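In what comes next, chain A is part of two complexes: it sits with chain B in the first one and with chain C in the second one.
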Partner chain A sequence: MIKMEYYLIISILMFFIGIYGFISRRNMLAMLISLELVLNAVEINFAVFNRYLFPERMEGLFFTLFGIAITAAETAVAIAIIINAYRSIGNVNVTKLNKLKD
Partner chain B sequence: MDFSNFLLMRQELSLVAVFVILFLYDVFCSDNTKKAFQPVACVLFALHTVSGFFPASMGEAFGGLYVNSHIAVLMKNILNIATMLVFLQAGHWLKTDESVHKRGEYFTIMLVTLLGMYLMVSAGNFMMLYIGIETASLPMACLAAFNKSAEKSAEAGVKYILISALSSGVMLFGMSFLYGVSGTMYFSDMKAVITIDPLLIMGFVFFFSGLAFKLSLVPFHLWTADVYEGAPTSVTAYLSVASKGAAAFALIFVLYKVFGNIEVVWNQILWWSAVITITLGNLFAVRQKDIKRFLAFSSISQAGYILLGIISGTAQGMTATAYYVLVYVFSNLAAFGVIAAVENQTKGNTSISAFDGLYRSNPRLTFVMMLAVFSLGGIPPFAGFFSKFFIFMAAANQGEYLLVFIALLNTVISLYYYLLIVKAMFIKEKNEHAADRFVTDGYNKLSLILCTVGILVIGIVSCIYNRFDSVAFGI
Partner chain C sequence: MEYSLLIIITPLLLFLLLGLSGMKMKPGMAGIIGTAGMGFSTLISYIVAYNYFFGIGQTDGAWATIIPFNVEWLHFTDNLHIDLGILLDPISVMMLLVITTVSLMVHIYSLGYMHGEKGFQRYYAFLSLFSFSMLGLVVATNIFQMYIFWELVGVSSYLLIGFYYTKPSAVSASKKAFIVTRFADLGFLVGILLLSFYTGTFDFAQLTSDGAGLVVASTAGISFMGLSAASWAMALIFMGGAGKSAMFPLHIWLPDAMEGPTPVSALIHAATMVVAGVYLVARLFPVYVFATPDVLTLIAYIGTFTALFAAVIAITQTDIKRVLAFSTISQIAYMMVSLGVSEYGGHDGLGYMASMFHLFTHAFFKALLFLGAGSVIHAVHSNEMDAMGSLRKYMPVTHITFLIACLAIAGIPPFSGFFSKDEILAACLHHDKLIFFTLLAVAGITAFYMFRLYFNIFWGAEKSYDGHHQPHESPLRMTVPLMILAVFSIFTGFIPFPEFITVDHIPFAAHIEWATVAIPSILVAAAGILIAMVFYMKGSELPSRISRALGGLYTATLRKFYMDEIWMFMTKNVVFNRICTPIAWFDRHVVDGAMNGLAWITQKMSVSIKGLQSGQVQLYVWIYVVGSLVIAALVLFL
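Take a look at the complex of A and B:
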């Protein structure tokens, strides 16, 4: 059986790749994809902890299911807002969002 | 099936009832009938607010997912009052051509975010807390992007949704490690099993960072000023009081109920973030030219003061925190009510220069604004002085003298920039951008009167503080 540590290495790598992508990407949709990586890393974590450490109760798996649903809602709202921004600036580049600064 | 659990959720149910009625009204009524939308929404919501003050039954529902306690009910009442005042202030803006066809959406989305805040306050499980935070922040992003034709509003929406999604990702990552350490998501069970170990501290730091984004603590504050400036004024007002208040309440409950045993760990984290938040918030507020950005930085430093109450870890600290948020609701909404009135008059100009010489044209509005900034700054006869006093006392009783001293020094800085507004209104001559004499609409007037009464009365009537004190709990 695969050791738990390997799953955790994967999930932590995914999390930080996601954070790196969120910081370095200039395209709003690419930023959103990076956010998905972050949230999926979390869901792997929950499932793995539940399966390996506490297999008698299902809390982690339930959290994963709820997490997937809420993440989907989050993405839908984010895409709607990005489309709205695209209508007003004609671009999905975050560097064009520069009206608000002092 | 046993439905008795739902009796504990009386406030949530009545909020959902208000939401459903307004939603059906918005969908099925003709445009002509919908002219009465704001009064109907205000009356229904006022009934809901009043019903919150009646005694309710306490206990746990759904196996501990949802916990109703006396202090949670009081905190929900504070959030209700904030929402009520914002509803009253929104009237003029919702009559403009830009937003008149969307007024139903405005009220219904606001009620959904309020439901999320209720769940945050009443959570007894990390999953419930997460669902509450998401229910509060996703619709809030839609509200920030509410003015579809305005580029600034679209930008504010994008910034808010991306940052809030990132922060909830970081917070969930922390929660997953807390789960890995303890094997449970329930607050009470987790408290029994956690001890100080590295994985737990890592999980806690990630979790705290996620909540600090919502509370806009430094260094997670960079979204605040942009979103506050870009969002419509009434949404900014809501974001600055209700959203921040709910995050503060959720933070205090989690720290006291779950992490009470490991206070040594979070005490240092909160100490440093309180010092940096108050100082940076104040220093950046001094150089702002736009009044909404100015209040954004002022609200960042107010969040730092809220941390002073949380850090003490006693029942007195919880009382002081809840009381501080209540006073902050009245003072900040008085300021935002005046800003909304002036902004409507000057066609969306929110620079501080729009307030130049306001005393000559609108003495009464000037008076309310002056009370609001005096209360925010903490000048004695007003409620803001008492809330700052209690919060300093809570921290000082736990021996945090250095922290209280730094916060006191910062109060002096904050007085300087708050008085800049008063100076602009009273001493400066009127320029061509400034507002002429105008009449505020009735709802906004009512909300400003309520805020003024709150600022003048809450500090002096001691039964309010005693009520909080009788139900608060420490670690």
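Take a look at the complex of A and C:
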């Protein structure tokens, strides 16, 4: 059986790749994809901990399912915001979205 | 006796009515309403006085003190609370009579005197406000209620002095009166706070019971700058009284207050408000005499000096209202001296009785003098003595009533002033010879300057009055109050005052000491009148020769011994420039500077870190991630 640590290494890598992408990409769609990586890393963690530490229980798996559903909803909302932002400023560059400051 | 509340409530309602809707009425209507209301109030106060003196009467040989009405207004602790109520005892009932009578006379008189003035309705509204405040002052059950009404009379005095608000001199006189009395009231307030702090009560009854034992006991052993706490408190309270009653050196506002309409001067600045200080000392007299006799001595000497000082100035003044103003100061000082030399109980309390007696008689003859002067001013349209002369031919009623008042103030029997002044002199004789002889001299000076005024107005050379306008007698609305007050001035002296008003409420018998007091005082007064007659009746060269011979002294007296200039120097150069300017600098640069500095530092700091809030989401996330990593590291490794 594959050791739990390997799963965790994968999820940490996914998590920080997601963070890196979120910080370094200027394109909001790319940032959204990075965000999906972060969330998926978390969901892997849920599933792995449930499977290895509490095999007789199901909460972790249910949380994973919830997380997937919420991620889908969040993506729909984010896409809607990005489309509106595109309509008002003509591109999807996040550094241009700083007008709330003034 | 709950209906005694009506005496006070009526003028208040009148003030609200006339103040709010007076301008919509016809002027005459407002005057009639005001006068009728005051007449009602007067009637009730006579009924109260009758019921008090002849209905309730004495218990165990002493006049009762009754409180027909009392409500708790502010509650601080169970002991310390401010009440509003009505206290009836001999002096407050007497004051009710004086105030309502003189106020009613002034109301009637003003119907004629103020006829056709702009703001006639406003004038009556203010008169009602004043009557309300003054009546509330005298029936106060506690010292704080007195203070509240004390300030109210100050305000109404201010409003009435400044009635001709388009005249700069009236405006500055009203400000002067308000500021000077307000300054004195600062002392009054501090005194009240000191007294109530140590005794835990504001109540007159508690303060003055048991020979002021409460005050003595609660302030024992506490002293500041060599004087006990009780002495400080009572001296500061007297300072308030001195301001209102125009004692030296706080007298400077009263002569200027003559800028107001003459009936107002008669009511406020002669008969009622200015005796509030005397009334205050009389009200707290047991405290003064038992707890702080040293302050009482101070009162006696300040009063003596003021009486002499004001009488000397009155000799040289040429504005007839100013002569009367200085004579008022001098006469009120008489009352103060009389309180100052009084002791407690029986015949020893002669000074107290005499003071209240003089207050009573003085109110009538001084109001009469002012109203008579108003009648003269109404006829010749000038305040200056030079513009008058031989008016007896034109104004017979004014002439006779004015003469009666002059005889009363000069102390010629059988007019009222003789009896009260005689009691004061008798009280002084038994206490202090120096005070006695000073006051005797002042009595002579008083007779002289009053008759100087009288002869200059009604005798002397005839002046060339404007051809088209001969002086004429005033209308009946003005002469009737004069006649009524003249009757009062003649007969009030025969009231057996010691039967009614004494310091311990127990009647005693007083008699006139003909040989030692009465005859000398009559002789001195007669001498004063004779000199005035020689100088001014026919118009002679003597007065101007004497004034030239006196030179600088005469000028100094004419300029009121430069008291106004001294105060001006004190306030402007010493207080404003030496004290207030540095304080203002300190306030602007140190106090405000500290606040401004704090604001400046905050602003600079926020400017320097505001770049962090750039609106760049990724920067926020970057900071957030680094921050959480740092916290995680701290949790793991510490």
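Heads up, the rule we're going with is that the second predicted complex is superposed on the first by the 101 of 102 C-alpha atoms of A that agree within 3 Å, B and C clash if a C-alpha of one lies under 4 Å from a C-alpha of the other, contacts with A are read in each partner's own complex, and residues count from 1 in each chain.
Note that a contact is a pair of C-beta atoms (placed from the backbone, for glycine too) under 8 Å apart; a residue touches a chain by one contact, two chains touch by 3 or more.
Not measured: the values here are computed from a predicted model.
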| item | value |
| --- | --- |
| Touching partner for A:T95 - first (chain B), second (chain C), both, neither | second |
| Partner chain(s) touched by A:F46 [first = chain B, second = chain C, both, neither] | first |
| Which of chain B and chain C A:Y6 touches, first, second, both or neither | neither |
| Which superposed partner A:F22 touches (first chain B, second chain C, both, neither) | both |
| Touching partner for A:G60 - first (chain B), second (chain C), both, neither | first |
| Dominant contact partner of chain A by residue count, chain C or chain B | B |
| Contacts of A:I70 with chain B and chain C, given as first, second, both or neither | first |
| Those residues of chain A which chain B touches in one complex and chain C touches in the other | 19, 22, 31, 94, 97, 99-101 |
| Interface residues, chain C side, partner chain A - complex | 613-618, 621-622, 625 |
| Contact footprint of chain A on chain B as seen in their complex | 126-127, 130-131, 134, 138, 141-142, 145, 148-152, 154-159, 161-162, 165-166, 168-170, 172-173, 175-177, 179-180, 183-185, 225-226, 229-230, 287-290, 293 |
| Touching residues (chain side chain A, partner chain B) in the complex | 15, 18-19, 22, 28, 31-32, 35, 38-39, 41-42, 45-46, 49-50, 53-54, 57, 59-60, 62-63, 66-67, 70, 73-74, 77-78, 80-82, 84-85, 87-89, 94, 97, 99-102 |
| Residues on chain A engaged by chain C in the complex (per definition of touch) | 19, 22-24, 31, 94-95, 97-101 |
